Structure formats: C-alpha cells, structure tokens
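The letters A, B, C, D, E, F, G and H name the chains in turn, as written, and every chain counts its residues from 1.
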Amino acid sequence: MDIDYVSSLLKEFKAGGMSLEEALDKLKTLPYEDLEFAKLDHHRMLRQGFAEVVFCQGKTVEQVLAIMNRLAEYNRSILATRATREMYEAVRSAVPDAQYHELARLITVERQKPAVDNERFILVMSAGTSDIPVAEEAAITAEIMGNEVKRVYDVGVAGIHRLLGQRQLIEQANVLVVVAGMEGALASVVGGMAAKPVIAVPTSIGYGANFGGLAALLSMLNSCAAGVGVVNIDNGFGAGRLASIINHMR
Amino acid sequence: MDIDYVSSLLKEFKAGGMSLEEALDKLKTLPYEDLEFAKLDHHRMLRQGFAEVVFCQGKTVEQVLAIMNRLAEYNRSILATRATREMYEAVRSAVPDAQYHELARLITVERQKPAVDNERFILVMSAGTSDIPVAEEAAITAEIMGNEVKRVYDVGVAGIHRLLGQRQLIEQANVLVVVAGMEGALASVVGGMAAKPVIAVPTSIGYGANFGGLAALLSMLNSCAAGVGVVNIDNGFGAGRLASIINHMR
Amino acid sequence: MDIDYVSSLLKEFKAGGMSLEEALDKLKTLPYEDLEFAKLDHHRMLRQGFAEVVFCQGKTVEQVLAIMNRLAEYNRSILATRATREMYEAVRSAVPDAQYHELARLITVERQKPAVDNERFILVMSAGTSDIPVAEEAAITAEIMGNEVKRVYDVGVAGIHRLLGQRQLIEQANVLVVVAGMEGALASVVGGMAAKPVIAVPTSIGYGANFGGLAALLSMLNSCAAGVGVVNIDNGFGAGRLASIINHMR
Amino acid sequence: MDIDYVSSLLKEFKAGGMSLEEALDKLKTLPYEDLEFAKLDHHRMLRQGFAEVVFCQGKTVEQVLAIMNRLAEYNRSILATRATREMYEAVRSAVPDAQYHELARLITVERQKPAVDNERFILVMSAGTSDIPVAEEAAITAEIMGNEVKRVYDVGVAGIHRLLGQRQLIEQANVLVVVAGMEGALASVVGGMAAKPVIAVPTSIGYGANFGGLAALLSMLNSCAAGVGVVNIDNGFGAGRLASIINHMR
Amino acid sequence: MDIDYVSSLLKEFKAGGMSLEEALDKLKTLPYEDLEFAKLDHHRMLRQGFAEVVFCQGKTVEQVLAIMNRLAEYNRSILATRATREMYEAVRSAVPDAQYHELARLITVERQKPAVDNERFILVMSAGTSDIPVAEEAAITAEIMGNEVKRVYDVGVAGIHRLLGQRQLIEQANVLVVVAGMEGALASVVGGMAAKPVIAVPTSIGYGANFGGLAALLSMLNSCAAGVGVVNIDNGFGAGRLASIINHMR
Amino acid sequence: MDIDYVSSLLKEFKAGGMSLEEALDKLKTLPYEDLEFAKLDHHRMLRQGFAEVVFCQGKTVEQVLAIMNRLAEYNRSILATRATREMYEAVRSAVPDAQYHELARLITVERQKPAVDNERFILVMSAGTSDIPVAEEAAITAEIMGNEVKRVYDVGVAGIHRLLGQRQLIEQANVLVVVAGMEGALASVVGGMAAKPVIAVPTSIGYGANFGGLAALLSMLNSCAAGVGVVNIDNGFGAGRLASIINHMR
Amino acid sequence: MDIDYVSSLLKEFKAGGMSLEEALDKLKTLPYEDLEFAKLDHHRMLRQGFAEVVFCQGKTVEQVLAIMNRLAEYNRSILATRATREMYEAVRSAVPDAQYHELARLITVERQKPAVDNERFILVMSAGTSDIPVAEEAAITAEIMGNEVKRVYDVGVAGIHRLLGQRQLIEQANVLVVVAGMEGALASVVGGMAAKPVIAVPTSIGYGANFGGLAALLSMLNSCAAGVGVVNIDNGFGAGRLASIINHMR
Amino acid sequence: MDIDYVSSLLKEFKAGGMSLEEALDKLKTLPYEDLEFAKLDHHRMLRQGFAEVVFCQGKTVEQVLAIMNRLAEYNRSILATRATREMYEAVRSAVPDAQYHELARLITVERQKPAVDNERFILVMSAGTSDIPVAEEAAITAEIMGNEVKRVYDVGVAGIHRLLGQRQLIEQANVLVVVAGMEGALASVVGGMAAKPVIAVPTSIGYGANFGGLAALLSMLNSCAAGVGVVNIDNGFGAGRLASIINHMR
C-alpha cells in the first residue's frame, strides 16, 4: 500500500539524502493498513517495540482471523488477548504456528525467541489460586515481549509467612506484578517490601461486596505503600506490557 | 413514672409471690422515660450490661444536655459519642464529673471503676497516626465498659516488620480491634496472625478513590482472612462495644 | 510433620553447619507444601485451630481435587466452600468419606467429631426461606469446627411476633448469626434483644434496588444496635468461622 | 378568580371574534402568573387541593420574598420548605402573619384553620431524636393541609419494646409516616404491624457507610413488609403531603 | 398445632369471659405453623386483610409446593410472586385450581371473588409496552385483593398527547399506579395531573446508564410532583398491595 | 388518514352538534391507534419527521410483529431497534420487504429512498473494531432517515496518527458521531478538531473498571472539548436520530 | 513569538506562492502562546469560531488575570466561566470593559456585537427557579457567540399546562436547551414535543437521592424521546456552546 | 546506626547468652523509634532508598512537628505531603531549613542535593492549568529523590496540536507522569505516543459527573493504550515516587 512512499524514502536514505534517524522517524508515523473494520498499525513495532496486540472481545471470529492473518505476515511475534478457543481454531487454520493458552485466553505466535536478559527478571505473584488466569496473562505477555519471568502463586496475606518466605525473590526481582482479588492487600504488603516498581492488578475474584473487582481495585489505588501503579481489573496483559517496558529500561 | 408499677412488682417479689428470675425478666422490658423528643431506656443496663449510649450527632445541645442529665441520675457510667466541645460544656454545667475526650469526641461519666480482668485484654491497633481518633473512641468505649485495653498505633502493612514486631502482643490479646483507613489491609494481615476474633473498623482517612472510607470498608469485608467482623466506617464506638461484649464472655 | 525437619535444622545450626543467617531464614518461613498453583499451609491447624479452608470458586476441578487430596492426608476435618457438585464428584473419587451439602455448596470431611460444649450454642437465624443456603453454610461451618448449633429460619421482621416468639432462644444463645437479604433489618432487631455478640450476614436475596445484597449490607453496617459485626454478602462461611472462634472463648 | 377571564374568552369565541384555534389555545393553558423567574400556578388549589408549595433551596432571598408575597395574596394557607431564617425575616416584613419553624425549616401562613377530622389521624414516628427535624417537616405539612397528627419519636428498633409499647396507637392510625436514618429498619417493622399505608422517609442521619441516607433509602425500598411507599431522603414535606392526600380519601 | 390454645380461647369467648374485640386481638398474634424452612403466618389475614404472600425467588420448587399447599388449606385467596412455570406445575398437581400468569410470573388461587366497589378503581399505567409484565403484577395483585382495576399501557411522556388523552381517567381514578422504566418521567407528569395518591414503580427496562432500573428509581424519588410514593424496582406486587390498602380506606 | 375525522369533527362543532368542551377535548388528543399493549402514534411522522421507532427489547415476538405490521401499513420507512433474529423472522412473514442488520440488531423497511443531500454528510467514527455494532446502529439509523453517511472505524487515540490521518474528513463532515468504549477519549480529541457538533456514544466495550460503559460515559460527559453532546451507553439509534435532526437543519 | 513565522507565511501568501485556503490551513495549527502555566491557543477563533474559553475553577486569581489579559489583546469577545467575583475584580483592573454575571458566574468581554440571525433563536428552558443560574450560563454563552436567545423559566412537568402553554415557542425554536434538576423529566417531555435538537443540562438542584445531579443526569441519558443530547451536570456553558454551533449551521 | 546494636546482639547469641529463639525474635524486627502515636522507620532509607515520607492529613500540628523533628535528625532529605501552612510554620521553628511549597502543599528539607543523571529525565505533563498543584507535587517529589524533571503544562487533548508540539520531548523522556482531571484522556494519547512507562494521575478537577475525579480515574484505568499505570486521584506524591524508582533502574 505505502510501497511507493516507503521505496522512495528508502532510496533517499540509501542515497544519503536522509540520516538514519530521519528515516526511522518518518517510518514511525507511516500510514496503516486499512481493513475497513480495522486499521492495522504495522509500524507499532518500530514505535513501541512490539506489534499491535489484538483485543478479541467484542470482535467476530472472522474479524479476529483477518487481523491475525495480516499481522502474522509482517511480524515475528504476535499476541491476541481475551480470545476464545473458537477464535483460536479459526486462526490456527490460517496461521498454523499459533498457540493457545487456555487459562490465560491468549493466542500467541512466536517465531523467534527474543533475546532475554536472565539477570533481570519480572516476578509475577498471585494472592490466590483463583487469580492464576490473570497472572498467567501477565506472565506470558511479558515472556513473549522478551523478559525472564518468575512466578510465585498463592501467597495471600492471610498467611503472611508464606509471603515472607519469598522475601529474597522479591528483593531480587527487577519489576513486580502483583495479582490479587478479594481485598487486594497483597499489593500494599509487597509494595512495602520491595524497592522496585510494583504493578498491581486487581482481579474480579471474590463475591458479594467485591463488586466485580472494585474492592481490590480501590484497595490497590489507596495503597499505603508508595511505588505502586495500578492497571484495570483483570488486565493481566496491561500489567505484563508495562512490566516489560520498565524491565527493558537500561 | 413507673413508680407504682415497679413498687408493686418489688413488693410482690419481696413477699415471695415472684421468683428473682421473674422479677428481673419483668424489669428488663419495663417502660422507658419519655422526654417527648427521646425515650430513655433506663433498663438497658439490665438487658445489655451498659446504660443507653447517647449518639450526639444531629441532636441539639439542649437535647444532649437533657438526656445526659437524666441518664446521670440513674447510672454510674454513661457515655456520649460524637459530642462537640460545646455539648460537653453544657453537660458539665449539670453533670460536673463529666469528662471530655477531645480526639475521640466522647463525653464520659465514670463514678465507679468497673471490675476489670487484667488477664484478658483487648488490643486496639491503628494502621496510621491519622486513624488514632477512631481508635481512641474504641479504646475508651471498651475501658468504660470494664475492659483492660492495650494500644498499638501506626503499624500499617507498608512497613510489615513494625507489625511483625507486635506478634507476641497480638497472640496474647483476647480480642483485637483493627482500625485502618486508606486500603485497610491491616485487618487481613492481623486476621491471619491472630486466633482470636478481629473487629475491623474502616476509617475515612485517605483521599481520592478512598471515597470517604469505602475503599477500606470493602477491603475489610472482602478480607481473605476468616474471623473478621466489620463495623461501620469510623465507628470506633461500635467496635469497642462489640469487643467488650466478646471479652466478657466466659 | 515438620518436627524432623525443624529438629535437624536446629541441630545442624548448633553444630556449625549452617550460618546464623541461614538458620534464621529457614525458620522464619516454616514450610508449607507447594503445589505450584497452591501453597498448602499445613500449620494452620496449629496457628488457628482449624485446617486451611478451600475456597473453590475460580479454581479448576483439578486444582480442587489436588488440594483436597493433600489436605485430607494431614487433617481430620476439612472444609471446602462454594464447591460445585462436579468438584465434589471428583473429590469423592479420591477422598471417599467426603460429603456434599448441596444447598450450602460445601464439601466436608469429618473423620472424628470434635468435642462440643452443648451448653454454649450458636444460634443461626434467617429472615426468610430464601436465605437458608447462606445460613446453612454458616451452621455447617460452625458444626464442623466443634460447636453446638441451633437454627431458627424465616423469622423476618415483617412478622415481628414470629421473632418475639424466639426471645428465650435468643437470650440463651452464646453467639448469634443473623442471615438476611432484602433490607436486612433482622440484624438490628436481634442486636437490640441480645446481650451477646451478633454476626450479621447480608445475602444477595432480593431484586431491584437490592443491588446484589448492597441494601442489606449497608443496613447491617448502619445498625442502630451496637454489638453487631458484619461479614461480606453471602459469606456464611466467614460468619460461621467467626462465631466458632468467639464461642470457643473461655 | 379567572372566571371573568374565561367567561369573556368563551363569549368572544361564540361571537366570532376569535377562531377555534385561538380559543382552544388559550383554554389549554389556563393562565398562571409569570414573575419571569417563576410561574405561579394559582389554580393548583383547585386542581390539587392546596396552593403551590415553595421549595426555597437554590432560590435567592429576593425570589422567595416575591413568590411568597404573591401567593399570600391569593391563598389562605401557604407553605415554604427548606427556608433559611434569613428568608423568613424577609418574608415576614411583607407577610406579617408568616411563621417560622426552625427545626423543620418551614415558613407557614395559616389564616384559617382547615376543618380536621379528629377521628382519622396521621401518626408520624421517628426512629431517633436526630430524625425529628424531618419528622416535624412531615407533621407540620400534614397539619397545615388539614389533618390531625400524632407524633411518636425515638422508637428505633434497637429497643423493640419501646416500639411495641406503641402498638395500639399504630393500629389506630389511619396513615403512618415512618422517619428513620441509619439502617431505616423501623419502616419494615411498622409495615408488618400496621394494616394501613406506611410512608417511609429515609433521613441522612448517620455516618460512614450511610452515604448520606442511601443505607436507609435502600433498606426501605427493599422492605420485606408490603404496603410501604418511599419518598426521597429527608423529604418530610413529600411524606406529609402524600399522607394528607391519603388521609382525605373517603 | 395451636388447636388446644385456640379451642380454649374460643370457648372462653363463647362463655362470655372475653369480648369479641379481645378474642380478635389474641388471635392476631397467634403462633404460626412451623415448616422448619418456613414459618407460616396463618393469621395474617386477620391482621392485614390478606394471607401471607409467597416470594418464590430463591426458594426450591419443593419449598414453594409445601408452602402453597399449606396456605391453600387455610385461605380462600392466595398469591405467589416471581414464580417460574416449573413451580406452578408442581403447585397445580397439589392445588388444582391454581392459575399461572406467565407475563406477571404470578401463581394465584381465587376460590371466591372478593366483593369489589366498582366506583373506586385503581388505575395502572405503563410508560411502555415493555413495562407491562410489572404492570400486570401490580394489577393482578390488586384484583385478587378485591379491587376494580383499569389499565392504560404505553403512554410514555415522549408522546405527551397520548397521556393527556387519558386525563379524564386519571382524574377519576381513586389510586394510581405508574409503572415506568428508562427515565421514569411518567410518575412526575401523572403526579402533577392527579389529586389522588400515585404509587410509582420503576422498572429495569432500558439499557446502558439505566443501570438495572436505577435511573427510573432515582427519577421517581426526586419527582418534582408531591404525592408520589415509590416502591422497589420491578416491585409490581408491592405497588398493587399498597394501592389496595389505600383503595380500601373509607 | 385522520383528515376526514378532523374535518367532520370541526364541521360538527360549527354546526352546533358538539359543545366547545367536547371539541376541545377531542382535538387535544389527536387519535393514535390502540393495540391495548401499545398505542401507535401514526402522527409522529407529521410532528417529528419520522415514524415511531420500535424499541424491541422487553417486548414479546408477538407484540413486535403486531406493531410492525400496523406501522408498515401507514409508513414508507420504518425502523425497529434491538431486535433479535427471531423477531425479524416473524416480522418478515408479514412484511416481506423487511430487512435485518445482524450486527446492528435493526429491522428496517425502506420502500422509497428519501432524498439525500450528498454535500452534507454525517461522519460516524468508532474507536475500535468492537464498537462497530453500535456505530452501525447509528449509521443505518441516519441513512434511513435520509442522510449521507460516511464511516471511519478503528481510529482510537492510542494510535493518534491514524486519527490525524482523517483530519480532512473530520473538517468536511457536517455532524460527527463518535462511538467509543473503554476510556472514550476519542470524543474529546475529535471535539477539539471539529468545528461542527459532535455526538458522543459511549459503548459497553471493555471490562473491569469499565463498569458496563460507565467509564466511557463519564469520560464523554466530562470532555474538555466543548460542543459535545452525549447519549446513553450503546445508544447508536439515539445518536443517529439526533445527528439526522441536526443534519437536516437549514 | 511566532512573529517571524507568521510574517513569512503572510508574505508568501501575498506574493501568490500560497492560496488563501493553504494560508488559513497553516494558521489554524499555528503554535500557541506559552505562559508556562497555560498555553494560549490564539488561533482557536479560526479553527472553531470562538476564542479559547477560560475555565476559572482551580486556577489562582493571578493565573486568571494573566490569561484574560492576553486573550483580551487578541480577541473581540472573550468568556470566562465559573469565575468568582474576586477574579472579576482582578480582571477588570486590567480589562476595564469586562463584565460580571453574578448568577451565572461568567466574566464576559464583548467589544463588538456579533451579527445575529433573529429568525433562528435558541430557546433556553428551566424546570425550576433554582435552575436559573445554570440556564443563564447557557443563555449568555450562546448570546456572546452570536445567537438570538429566548428564555422560558420555571416550567417543570409537575404543572404540565405551564409547559404546554409554551408549545408554540417550542415549535418555533431552532435549538432547545433544557435545564433541569431533581428528576430532570422536562427533557423527555420537550424532546417529544420538539422536532429540533434538544440539549439537556442536568443540574445539581435537589437533595437526598439526587446525589448531586446524578438523578437528573441518568434521567436525561435514558430519555424515552430521541433527539436529546446531554452535557455534564451544571454545564450551562457546554450546552450554550453546542447550541450555538448547531444554530449556526446553514 | 543500629550496627552496634545488631553486632552486640549477634555476639551475645554466639556466646550463649541468648537462646536461638530470642535472637531470632530480636532480629526479625529491627527496631523503629516509637513516639507512641507514630512508629518511625529509620531503616527505610536502607530498604527503599528514601526516608519515611510524612502524610500530614489527619494528623495534628503537634504530631507533624514531632515526627519531622525526629526524621530531620537522621536524614539528609525529608518530605511531608498534604501539609498546611500552619504545620509548616510549626516545623520551621524546629527545623529552620525546612521549605514550603504552597501550591503542592509539600514541606521539604534538602540538605544535600542528590546526584542526578541529567540524561534521564522525568517528564511531568498536565492537561490543564488547574491540574498544576498535583503535577507540582509529583515533580518536586521526584526532584528531591534525585531526578531531573521537566514540566509541560496545559496540553489537554482538546487542542491536540499543543500536545503534538511536544512530541520530541515525549520521545526523549525516560518516564512520563501524566496529570489530568475532567475526562483524563491525555493519558491514553500520551500512552500511545511514548515507548516509555506512563504514570497516570487522575485529579479531582472538574465538576458534576466528574464525581471528585472518578471520571478521570476510570478513564485512565480503561486506557486503550498499554503501558499505563495509574495511581490514586490527586496522588502526585505517589506518581513522583514511582517515577523516581523506575528512573533509577539501570
């Protein structure tokens, strides 16, 4: 589509009429591919370090298939969130190396493992077993974006010694993702133990006055520990993405 | 007012026409004193072990004065909550031994120290310094109702070692009152450490998405630790009262 | 079970085979069993008087099965809440003496009846017939934890004489659990009649401006009767647990 | 008073001096008096049995004065709600027989007592002393509209025997107005005792999770007793007005 | 159950040792029938003029069947609300003259038409066609309780002339029930047109910022027209019951 | 169609066969067709430029069929919103030229294309692919009401260059409809770019703290750009209708 | 600041190297004046037809003064909203022709009356007298932006004939602004009467379950009349601005 | 400072003067300073890189003074948030080098400028002038913690070209803090432009349906741009702290 424009741009660069920096700059804001129902931003990889991620909820199977198909043509690693198994089946027929993560509801394509700095790991913690699907969404997101990830699950504050038993791991982690439902107190306790950034993910696990995750969300926003940033309820992807951005800072 | 009725009742008891148990039973549901704007339940001491407590908010100074005046005539210990200094000044003119607790906004009259079992103490904990007024309301309430009370303030979970330093005290306490604003996580952590009942009091301390104590309230209601009962936001009195009832169980 | 482990640990330290730091570190976190997706706290029986209780909601059948299987090995009495029949079927195949309480959605294993003090009973009351599932969750929880439990159901305040007819039972009870949906007024009325602690459980029974139990919850938190502690909406387990803790106080 | 206007209008039409359309248009909208910032509906007395009532909140003192002045010219009884003392002072200068009810924040003018059927009385009940201002707003409203009103204050459900002591009065009343803050349980209990209509008025008395009267409001809307109609929080006037309409039914 | 007590009571009355009034009074607060999961109040007919109404939601089919079966033995007219067809099928097997009202989800048994005063009718109005199920619940409730009911449906305020076309009927009605979802404005407009009591029923019809009927509920509570009492969202039964009580006032 | 009726009515009045009052009364309420469960307003075309639109949610299939059948007799273009496929199948059997728009859940009948001014177009924009169903509801509504509509989908603000790429179209549009879920920021950005009216439609697309579209709704209501009017969550129809009214202004 | 850039641009235009359209286009997105604490967008007049409007709330008096001072240098008409009298006094000292509208809290400077098409007027309606401040904010905003404005105040739906009396004016208006607090029903009724766009402004007038305007806001968003766009609570300015944009469409 | 204490403790243990249990216990809880109403955590500098920060709201002037006085003795840089001028005056009398930042309500003591890496700066952006107080709280917090901070204020999305004019700065920043009230859309737009972490701070600036910052909060939590972490409403301090932690990662 932008073939001509990109061609001339590249030629000009080759001819020395444009610095590398200028060329990259122009490529960053290049037009997108228009599928009518979606505008694919193939340059996001350049701008933000990872291809456009597909939010499947509310899309038809056909739309997800078409988008994934196009993205798979231009990118080595792609990610789709909140995908049903039905969507995955459709995608796999066109993109055979797609994988499905049932618990986390993710479709991933990973054609080449990104380089990973094993010294700097992201620690994903969950308060309970029931929070694991959201925690896995965060962990797999961070992994596909090129991070070493460690997991510690079921360390809610009601058994504080289980959490204290992880103190060393907490202190070694470069970024922490804390996933908790119910009252979400884990974020505050970890926030007070860690000297690194904590990304808190409230989950909708609970019942009654939990109001679909509101209790944990408010709890995390009001954390008495500084150094905690919060993402939307059940937004494992957002937490994994933000953790990855921070973990890649040098 | 019920003089005649009570007289005849007492005489019948004295004459042996009624057992002690029956006499007490009848006295428990005796009519009250009617001040038109208030119906004073002078028999509550018999029914529930402490005189009627005056909730001053929304009452005029004159009403508080009149009620306290009447209660002071029939009871050794009386308590008024959410009282302004102005109310206290009025009360003191009529009830000279009334005392005012500025921080806790309580008026107390205590003519005879109740017997206290020093072995069984109530531990009142606060997450922050700003929660102390509510904590004091609970503590003083429990004290005037005949309990040994210990206080541990400013042990919020963001500095978990400060809390862990109180483990022995927590284990020794007979009943625990946990007062916390912001995200209220202290209740869950203490609930997991203690084998005794925990009464959680959310406070309105905080700002923004705290929504006047809602964050702490929801947090405490959703506590992942069992054994936690919650009272209304800023309701130090209610917590102290409930702690006292439990602490007197034998 | 960890006696051996702890003994050898202490001996190794005394013998100089372990630094102070290492010993300290190991002791701080008395081991739990790690199933990866869950950390089983086999010491909770020692710390809090009852084994870890399994909250089934949000867990897979496989996870519930694995956890129950391990707990059943170490404990005489175990409890799982919010369990589906499907979960129960799975558990029973491995733990044949497991029982299912359909209405209360509980799985219980009770290999030896705990000693019960029949003089001190917990009274579980429900406002309506529709509140019974939550009331049963509370009652069965209290029973498996070693309490005498009496039940009085369908005594909502709209027919106050039905409630007054229970006055004697209310006065005899050692702890009261009041389960009510709709406007939850039962807690306030019982709170005013009883001189013992009242644990109020709002239920989600109702419709419209009930907002999933919010009406009853707010009502109970704002109870004009002191001596009332509130647990989460539909949290029969929490109420039964708290009642049991209080009822065992001597 | 508009008889002349209407008569002349009809005559002009019959005489052909006005088209059908014009006549129709004029009759459709029986005139009100237009003060620019207010349109006074002098015909409301005819349509609904009482003059337009002035809601003072949000109006300037000048606007209240002007409106009251005009209403006082055409009506024997007038009523203004949520009036400040400053507004009253201004009104009194122009309407010397105006009276101010400080607690209820009402201004009334009553030049001729309406006929009252003493056999049929409205019973206004309040749960606490702090609810009296709203209760008085209801009671005075009903009185000026020609009803016998009885008052029973401070009969909240936490002392159920105080309420039961009023059973006879409750059974004799023709309409009941129940004013309660906090958890508002009084409405349900009275609703179950009375065979007559109950108008429930939640008040904003309380704190914390009361949320400005929301707790009492939801409680009353979810009342397990049928036969209860609810008005807005603190809306004593509305309750008095509705009670009066019902009480005048024959 | 209370046979002996009632027998002796009746004998005493017959013997002249008790006035009719006294006998009725005692019967009003007679004990109820205890089905364990429900306490049937067979005397409610005496106290409030209609038998206990069964709220089916949250009850099992077996419970509904047992309760209806017992009520059908003692009463000429019975009513069950929020009943499923499955419940009805069960009830009909035991109570063959039971009828089901699909739209209104009511089961009724009516063995003898109550006397009805045709001069005094209740007008049930709905804003839209979608509000009819709730309106029918109100209408049928009022009918079985012995009232003449007229229905006017689909007269929402967006086509104000449709509503104005009903002015005569509105003015003739003795009590008005206004059922409306969405913004619920119909209650305010009718409230301004009628000189009789208006019972407003918000419905959950709508979507988005309707929040399950909250929009209509708040709208009706804040009605600028006085004389409007509000019941819970979708509570057609409550409205019909209250309308019936008012309509029977003489 | 009522021309004859109205003519004869006027003639009868002039001839004296009808009193003024009667004539007035009849004219006030120009007749609608009464189907008992619905009152069809066949004059709406005259009053507001388009036939009554059928809101199908909450109606039975039979009701929708009957209403559509009648409307189809009197109008060239008709529209039904929130229709299920089942409703459509029923309608098509009676109105064979009815069409169904699956995504937008609309049934349309369009017998004669209305005249359209191609120079003045409405631009319907969606933030994401998942918002398209609501956007299509708006677009098709505007089209059937005689407007040229252009669509630009998937231009959310997270890829601002995709939006800026549409600047020219935005400046040329006569009215803009902005459909967005999640945080709904698109409305503010477009509102700042356009000098024409912007109609913002929040959608319920999102999860967690989106609370069914509340996040986008509040966002749009608080837009820092002036010139934005908001409709209900997911109310594509309302937006299309309002856009059409504005677009027809000359 | 951009003097050089603008100069060269203008010269190029004069020299014919740029069309008028191109020149305007470039001027539209010219840089702004940077006051550090504010970035003044002096070209908004070109882009959107009116100068940047100053939202004073949350700004210091000094900031308002500095901004107004700069705007007054470049524009003929300027507007500041939510201004205190103190702000006005400060502004007037620097901009002597500034005027203050106390009720509407607006500061205006209007050096040259804009041309106004008297045939096309905006009708601003208020439900009550207390809503007038917001209504005036809308009216004055529309006037300074060059519109003929008519006002009709105090025509709430509780006295529907007062509203119907304005039918002709409503039908003649080109755009309608409906300002209402309490239940906000006026918007729906006017929306059903008018064939022109209706901009609904909820106000915070009311009390109790009004929740600061929420009741009116939800009511208006759920209006059963199509053709209604809603702005924020008390946002008279936004309504006036949107009405002006629509009214200038040709 | 506790080096001596810890050394002697270890020596005593080795020498046998202390049991393992005792040593363990003492080490577990490294001492803090106990002021009774506050527990000062002088070791936080070691654990988290900055001294304990004082949250002044809800504390008395005396408490703030005492705490600051103690902290000033042990630390080079100290910070108190939400401080009133009165608190500052008291602190300054004891800590003469304390400074007050009126707008940001901060008290700072900075005795030695921390080393700052000027290459890595934090960019603090505000949507409006009214958001500056919160933005300054974030900026000053980050500065005292040793970061280079740049500020860009008043770049709300309604004038998108003002924001686009900052693209270079946005791309150069190492961490971004976005402060916005009203609809908070700035966070999403910046989140889409930046490849670095974005910390979003909703402010309570706005009115009506802003609900004290809720609109901006929900908007930011639902941001369609990944890589955004949110802190509490008006929590400039928390944002500055988190930004500082991230900015110091190497």
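Convention: a residue touches a chain if its C-beta (ideal position, glycine included) is under 8 Å from a C-beta of that chain, and two chains touch if they have at least 3 such contacts.
These numbers were taken from a predicted model, which means no experiment stands behind them.
Counting hops only between chains that touch, chain C reaches chain D in a minimum of 1. Comparing the CA-atom centres of all chains against that of chain A, the greatest distance is found for D.
Inter-chain spacing, taken between the CA centroids of chain D and chain H, is 53 Å. Annotation: 26 Å between the Cα-based centres of chain F and chain G.
Between the Cα centres of chain F and chain H there is a gap of 49 Å. Taken residue by residue, chain A touches two or more other chains at 128, 159, 164, 208-211, 214, 217, 221-222, 226, 232-233, whereas all remaining positions touch fewer. Taken together, the chain G residues at the contact with chain D in this complex read 128-132, 153-155, 159, 161-162, 164-165, 168, 181, 205, 207-211. Partner chain H is touched in their complex by these residues of chain F: 127-128, 156-160, 164, 182-185, 188-189, 191-193, 206, 208-211, 214-216, 218-225. On the side of chain G, the complex with chain H involves touching residues 29, 31-32, 36-39, 41, 44, 55, 57-59, 63, 67, 82, 202, 204, 212-214, 217, 232-235. Within the complex, the chain F residues that touch chain G are 47-49, 53, 174, 195-197, 199, 217, 221-222, 226-233, 237-238, 241-242, 245-246, 249-250.
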